[in-house]
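In what follows, a single structure is set out as structure tokens and then discussed.
Letters are used for the chains, namely A, B, C, D, E and F, taken in the order the chains are written, and counting of residues starts over at 1 for each.
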């Protein structure tokens, strides 16, 4: 059985990671998972939020957003509506937690990195592409901070790499890296964030149509771990 | 090894489900998981949101909030701040999805049920208590709608029951139903929502300190499934 | 002539004042005036708002809100609407002023007490129940602050007690402590806040249908003063 | 004992009521109570808010605001802060209720009158000046609606006139129509709204420093009724 | 060809500049361009915004607003809607830039002047009347600051005067100082801000119906410069 | 004298116009003026805003925004701050007016086109690049609407082309198409929008440091018209 775009169930879409996309940001990546394109920038500032001052520890946070016509139908701008929607909040928090899982705050020192992930074009998997791209932007930003001596030499502030992928059950078949059309038809949908050594940072599975069984959960986790391993390779290649 | 409050690792806290708490709501439950107390009301209105009109299908949604002094330190009111925080958004969405997983929209007909889950006192596990209590309030509200003939006789709008529990790894030990003090110290934290027949509706695991391995994930899922089974029994007893 | 619920015109509803309702707050009271139930918590923090710093004087403020399904028909959450309504503002201000009338700021020292009054179930008289309950929560919070030595020994920060009741003219008859159904039908509606020694802190009378005469005003004030006296007794009993 | 500005305790400030101030509004009045100046406009539109459609009844509402430099120190604009303060809400509601007390909705028919009361210069008593001026603007607007045949001939939509004045106890002496300096020093402050025939529409008394006794309340009410009678005369003269 | 109100194409409306309108503000002017009336107040405070502290330089800013019934049809209050509209933002910024063009920040020292321009009645040209009046209020406020020794003697903080006028092409004819009815029918609309010595501070021309040619632009600029010269004379006379 | 980037005073930066950038939008262009990059999408929907229904005429509107790290220093997201800034409002309005100047609403019929201009990287001239790119996106969107028969055959809805450029005086020299560094140092700054036949749609000149004379204004207009002519050629080439 072949998929909408001809892939096998366990195949990622074509993944590209373009570094140095922006002339201003300390790290910037245009990441593509097929037709999903996300611009990830990492902005470094000296100092930390007030509640963390004097701790000797840094901070990493993320903001996710979509351009209004990133999707098939134009969506209202959240700035015009005057409030951020629940989905945006949820994804921004997920990206932040995922990246923080590989940061050593002590080694970062009292510096803040903000990761902005703006979806320029959406075709499913925007949050997983964002995490995967943001890691590379973060790595570049931290390297910049090391060159600028904002970060003390010695211990590196990154304890590993992190990548993410979506998996789901469509028509009873577990699939890796869903495009939008597959996502809409999925009975179960899961986003998995893994470190480069194959451990889990986040597992978020949702029954969209039917509750799912332990065996299905296991099959999805197998697919996701393999996908994240391939993405970790792509990140390593991009940073080489 | 015994826990802060003397429980064994696989023990729930004392769970109480008081129905009919409010004289106004179609369904209302004061649910307690130990010192966590959540007031869940279910409000039925005829009709559905605009985007669903004419579909013949109903809708179920949820809103979660905390009273300012439900917690150890007083928090600002979101109404006073003029915006809902990301955590509130995220939990409201989780509760809504969880309850919708056991609703047959066709059988509900063009009626809407809003589940309000207000935390009166928090001690960890507020979202899982909210889901567990909201199910009972929903069941009462649907029974009310059936008595009032808003819902057609025959097919029942509930396809099963739903309950939720938190699990986590604290000091290397997987624990069921974390209280606040345990939650703060957890290395990994997971919320699991199950149907009464033991299948998964939501699985949300987060590495708080260290990424977690597949074996740890499995141990947590085992604990959670057992906990949800016990909660399903408590729901059944309350509704009897 | 007997009232909807069988009371005589000058009778209060059944009033209960349960102290120590919450494990977190420095003072907490679940107050009921018949079916009206309000959870009042008093939160003490060291320090005062910026405009009062260095004055040596404390501050007391209040916030009132209703749970969405406290009423017969579900109301929108003010946090979701993104703004606080005029009625909420008005009542919060009234509660704050009423409690401040019995506080000696100098004796309180640079400490702040926030009174949160959340209506769990509404059946008329929510603001008067809130004031009556908040006084007891405030007394408990101040006693806590004295035990913790936040407040200097000697002069007590409370100069007296304060309670409130609604009165109104329904069908030409002055009535004490209106329930919702009476309130809706009242020609004139008045909320009166008194100190324990029978003096006035606030008198707010409104002609709902017909302007009212001086004689009617006097009859309502007589009823209200008697009601507040009985409430002061109930407060004293609760605090004993 | 003479007052700051030389008045006797029972004297109003100089009151002027200038009709036809604006070329656009159906009714417009620049009212002055001494140095307090309020521009009151009445805007008539056909139709009523959605919740009143088909009732055959009209609606009257009010909005109060202060120019930023109406006061001694510049205040932030509520439009810039993005939210209306509690005091503004409270006063807008008071003005609306006061004017509605003399409106016969049936006779008004399905028309809406909005009263905008903008304080150009403040020196105490802005809400009472606003009510007093708004009544005259409303009378002009209703006369306009009658000429335009928006209102059916026969029954007039105004059942009487309405005016308001502040009273207070300063240094133990009951005073009529407080200016700002007196208001700041008042121990008790009361706003009273009366119909032209001397009955009460609103009585709002507040203890600013000390709780007040029944005798003080009575003395203040006597002063206020006399003041409102004089204001009703001024309104009648202005409309003649 | 004569205009709606009988003026020749190059004639201003009747312009009045009343100083000292408010008892509170350091400078206050009620300016009228025909039926357009704007209350301009200048508020002086010691100190500057945070980003300017320690610079030794002052700051001047402006806020523009319309009363709801300044126009023919009542507009919603921006405070009630909870946000400022684009037009208001745009005009506030224009007024601020225009006034800052004649301010010597060094000579002003670390003081801030806020210019509030509130349109009491609108009939076209509200922003140009606001700039013209605000200059006079600013001059009075600076004189006040000099008398109070907030501003050091010697160099004056005003480097010149500033005034503004609208011009436009209506029915093919270039006209000075458009009233509302002309403004609505204009093919091209331009606002021009000039210093007292005839140089440009702002030129904002907009094609409303048809793009305009260089010759038309030149004709409009000629009219505007002449108009601003006359307004500078009126300002000088008012300040004499 | 040569410029920062080696250009002559009358030279545009390198201009590129990439059509078909997005797979979803009816028209989409990535426009670059040197390092300034703006993604312009045109979204077509059937129907018009309520106030235009039944008129037989279409509507075109625009929204402008910057990604947070489009600039050298990261800016807060307007969605997170909950309100749109004055600069954003002003530019969105300018873009909308500029594009509407070449639209024949009757020929467009009751269809709406929304132009979203999102700045991905900023280096001066973002609003002029946005207008220039948005025109090409609009032309593509209208061609799409013609192919889909949303627009009636015959009269084309575009009456011409429109482009924009900034000009300014830096160090006394009039320059075309300022980059950010030049913009910051400009004494006078002007944005000019022209139709393809060389007439003006908008002229917005601002004295940043010194008021400017008529001769300077003329020199700037000469430069701008020549620049717009070159941009119109680039647009024509891109659409060929």
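One rule holds for everything that comes next: contacts are C-beta pairs under 8 Å (C-beta built on N, C-alpha and C of every residue); 3 or more make two chains touch, one makes a residue touch a chain.
In this text the structure is predicted, and so the values were computed from the model without any measurement.
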Return the chains common to the contact lists of chain A and chain F.
none
Where chain B and chain C touch, do the two copies share over half of their residue numbers, giving same, or under half, giving different?
same
Could you tell me which chain lies farthest from chain D when each chain's centre is the average position of its Cα atoms?
A
Can you tell me which chain lies farthest from chain C, using the average of the Cα atoms as each chain's centre?
F
Suppose each chain is reduced to the average of its Cα coordinates; what separation in Å results between chain D and chain E?
33
Measuring from the mean C-alpha position of chain B to the mean C-alpha position of chain E, what distance in angstrom results?
59
From the C-alpha centre of chain C to that of chain E, how far is it in Å?
50
Report, in whole Å, the distance between the mean C-alpha point of chain C and the mean C-alpha point of chain D.
28
On chain B, where are the residues touching two or more other chains?
82-84
Reading round the ring, first chain A, next chain F, what is the order of all the chains?
A, F, E, D, C, B
Give every residue of chain F touching chain E within the complex, in rising order.
83-87, 89-90, 92-93, 97, 101, 160, 190, 194-195, 197, 199-207, 211-214, 217, 221, 225
Chain B-facing residues of chain C, complex
22-25, 28, 35, 39, 41, 43, 45, 63, 65, 67-72, 74, 77-80, 82-84, 88, 114, 116, 118, 120-123
